[in-house]
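Each of the next two complexes has chain A plus one other chain: chain B in the first, chain C in the second.
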Partner chain A sequence: MNRLHPLGKLLVCVFYIVTVASFHKYALSQLILMAVYPVFGFIVGELSLKEGLYRMRLILPLVVFVGIFNPFLDRNVLQYSFGIPITGGMVSMVTLMLKGFYSVLAAYILIATTSIDEICYALRLIHVPRVMVIVIMLIYRYFGLMGNEANRIATAYKLRAPSQNGIHYKAWGTLVGQWLLRSIDRAEMVYESMLLRGFKGDYVIPRRKVKPVSMIYPIAWILIFIVIRSGLINIF
Partner chain B sequence: MHTGIHGELLKIEHLSFSYEKGQQVLNDVNFMAHDKESIGIIGANGIGKSTLMKLLVGLYLNYDGVLEVAGHQVNKKNLNHIREHIGYVFQDSEAQLFLSTIEDDVAFGPRNYGLSEEEVEKRVTEALEKVHILELRKKQTYKLSGGEKKLAAIATILAMEPDIIIMDEPSIALDPRNRKNLITILNEISSLKLITSHDLDFIMDTCERTVLLDEGRIIADGATKEILSDRELLEGHGLELPLRLQ
Partner chain C sequence: MHMADALVAPAVAGTMYVLSASAAGVSVNQVKKEDDPKKIPVMGVMGAFVFATQMLNFTIPGTGSSGHLCGGMMLSAVLGPFAGFLTMIGVLLVQCLLFADGGLLALGCNIWNMAFYGCFVGALLIWKPIMKKGATKAKIALASILGCVLTLQLGAFSVTIETLLSGVTELPFSVFLASMQPIHLAIGFVEGLITTAVLIFVYEARPELLWGIGGTNEGRVTDKEGKLSLKNTVIAIAVAAAICGGIVSLFASAFPDGLEWSMEQVAGTTELEAEGGAYDAAAGIQETTSLLPDYAFKNSESAAGTSFSGIVGSLVVVGVMVGASYAFKFFKKKDGSASAA
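Then we have the complex of A and B:
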């Protein structure tokens, strides 16, 4: 999967998320079929589900929280299952959670199998404005820098305050200020380094050849999504 | 890019610079440098060594005096030309490496100068071979050791084939083996080299000419052996003899 052209992977990811988001709030059975793409991505991309869930641990609770109040708002009974009433709110809650979960998984598959440079290259190919692509790239770089700085500051603090549990609330203001200032300094150095190596506001990414499989891949998936979305396949 | 320019590559005349009014960092500096020279810039902390280097690459433009790199006056209009001639190896190699893998990072400069992919590939391979880390080309930059990062940072500059290479404290944080390796590599590079360092033994091993700065002025400019063996001169300006001469 890593060898596929990034444009194909980006298109599949975007089309998948749009398709998933477009399902009706009660279309749970069709939505379950859309799991075929994440399952394929994790198997063929040789990705670890455990590691994937660990990396997405911050965003997944938010996704699960979406629609949690639906059962209280929509009490219209759609059907009885083993004598238990299944309300519209319950179905729409699960649908919303699945939509969020699938979208996060699709984005994870894209990120795990494609480098940021390749994603940005693909974005440029579909004519996303240059400024936006550069901003995405720089944000990606600077997140790393900020993470490193935060780690250094936290380590230095812990080593000199071993008896404390975490960082004392009185120190937060100073530390955050220091963190931002140091991150800005480092970001400036990186930017200077880029300027000194001929950076003129645009990343030059080498063109990649499009192999037949890279064309078949998005076409096949987009067709599958259309078939599932149109309701031609219904397992329930 | 290597232009094959011979003779005078750097010309500094009556150069003065201050970050803020009244705080003069460089004061009437005069200095010439020629092709293939290797020059050590020494001085105590905070006397303007790094500032001088940054002026040369056009990171600060509000200076007074004459500052020419490869025949181009350092000003906004000429920045692209100047930066094609000059490569700067930062003190902090981490700031220099910002792409995912070493080969991507080394290729960043040549690609920005519009070279073909074949030429970029050739430059990357040659630069990595010169610093003896060709086998690391696919390695993620964040996984490198301090010594490897320094060598990779030098490779990013060598790939641009500059006429002038500026290095800010290149020996800092290197273990003895990496330091020795770096000395060998630097002595193999034929471009004009300007090396700022507090490691005077390193300067002795890599530079035939040394410039001593203090209070924003050039105090001495001459043969490295003479300057670095002058205890009185060094101690009078916040430095000490190299360890091997003590």
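Then we have the complex of A and C:
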């Protein structure tokens, strides 16, 4: 999967998320079918499900908050399964959780099989403005540098105040401000180095050849999503 | 504040994408006009800075909840509204791809809720007018706290509206609003304090880095000239925030359902009905594609059976897909080792 063209993978990911989000709140069985893409991506891409699930932690609170009240507010009984009433709220809560789950897994499949440079290349191909793409690449690169800078500042603080738990709130502004200024200085130095090495305002990303499989991959998946969404699979 | 894909319907997401893309288009043109190539690495590093600070959650006292910085005000105070807006888009895109914080489909909503208000409303309507005649510490505190509180309130309000319009929750408008606004008032206030601390440090160390500062002497004005004392400003804002929070909460809980109330005022009913060929066709399509049309399965044994078998059937298909994927992987490896040999 890593060798596929990034634009195809980006399109599949976006189309998948749009399709998943478009399902009706009670369309549970159709939504379960949409698991075919993450299943394929995780098995063929040899990805860690644990890592994918770990990513749920950030979006989970808001999704749970929004969905958790559905069973109490929508008490319309849709059916009885083994004598247990299944209400609309129960179904819509599960559907909402599944939507959140699938969309996180789809984004994870994209980023785990595609480097940030390739995603930026795909964004340039769909005419996302150059300045935006450069800023995204720089944020990604500077993130590590800033982490190291913060680590140095925190270590220095700990050495200066050995018996203190955490950083005193009075020092927050100074430390964070210092961190920002040092990072800006560093960014300017990096920029000057880039200029000396011939940077002219744009990254040169080598063009990639489009192999037949990179064409077939998005077309096949988009067709599958359309078929599932339209309800044409009516085998049960 | 980051919305997940599950919380938005494609129509709402599409609309917000169009709005956010329009603002991004204007910003790209403005940044091009400014033609300051040195700004680009600063945008990158400021983006990484906001990215990092957004990962640090602070506890909201007395609520059992926590929040993180939004960063729009801080970005626009250093970069200006247009470059700040573009940087924030970059931050949100990297966050949603790398950390699954916010979704790709919901990106348009998140840009609007977190970047648009913070960068445009915060910078152009709050920061710039306050800094027009030069900056003081008190003015920076006033602009930061007021900006963060107001823009977060607007953002939280938009989250409520977007989620309700998407139809994913059964929560009434008033309940959702009452839970979103007060907590973001507290988060906005803490963010305002942190932003104040950072910007005052930058102002003292390198005032030329701040955007939109008018007046003379590199924008520096003494506190006496500025007629605002830092302590009094912070106290006044704290009192105002507490009063506003109380009033907003009272309004939110006093009225039953703002959305339904508005609909009733306009249409005379809370259930809007539509007639016509297009609606009938759409209803027909919906009936065909929906497995549970019009909740018709209630007390219907055969329908219940169909639905149950549908879910089981879907699980079977997914199971088949698991097998097929392993088979695909097996043959792919076999093919790879054969070609290597």
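Worth a mention:
What we mean here is this: the second predicted complex is superposed on the first by the 192 of 236 C-alpha atoms of A that agree within 3 Å, B and C clash if a C-alpha of one lies under 4 Å from a C-alpha of the other, contacts with A are read in each partner's own complex, and residues count from 1 in each chain.
Just so we're on the same page, contacts are C-beta pairs under 8 Å (C-beta built on N, C-alpha and C of every residue); 3 or more make two chains touch, one makes a residue touch a chain.
What you are looking at is a predicted structure, and each value in this text was computed from that prediction instead of being measured.
By the document's definition of touching, of the two partners only chain C reaches A:96; chain B does not.
In the superposition on chain A, contact is made by A:190 with both chain B and chain C.
In the overlay built on the shared chain, the residue A:141 is in contact with chain B and with chain C.
With both structures placed on the common chain, the touch criterion links A:229 to chain C but leaves chain B unconnected.
Touched residues of chain A were counted for both chain B and chain C, and C has more of them.
Applying the stated touch rule to the two superposed structures, the overlap between the chain B and chain C interfaces on chain A comprises residues 116, 141, 186, 190, 194. On the side of chain A, the complex with chain B involves touching residues 115-117, 141, 144, 148, 186, 189-190, 192-200, 204-207. Of all residues in chain C, only 2-10, 13, 24, 28, 31-32, 37-38, 40-49, 51-53, 86-87, 89-91, 93-94, 96-105, 163, 167-172, 179, 194, 196-198, 200-202, 205-206, 209, 286, 288-292, 295, 297-300, 303-304, 306-315, 317-318, 321-322, 324-326, 328-329, 332 touch chain A in the complex they form. Only residues 57, 59, 80, 83-84, 86-88, 90, 92, 94-96, 98-100, 104, 108-109, 111-114, 117, 120, 142, 156-157, 160 of chain B touch chain A when the two sit together in their complex. Listed in rising order, the residues of chain A touching chain C in the complex are 13-14, 17-18, 20-22, 24-30, 32-33, 35-36, 39-40, 43-44, 46, 55-56, 58-59, 62-63, 65-67, 69-70, 73-74, 76-81, 88-89, 91-92, 96-101, 103-104, 107-108, 110-111, 116, 119, 129, 131-132, 134-143, 145-147, 150, 172-174, 176-181, 183-184, 186-188, 190-191, 194, 201, 229-231, 233, 235-236.
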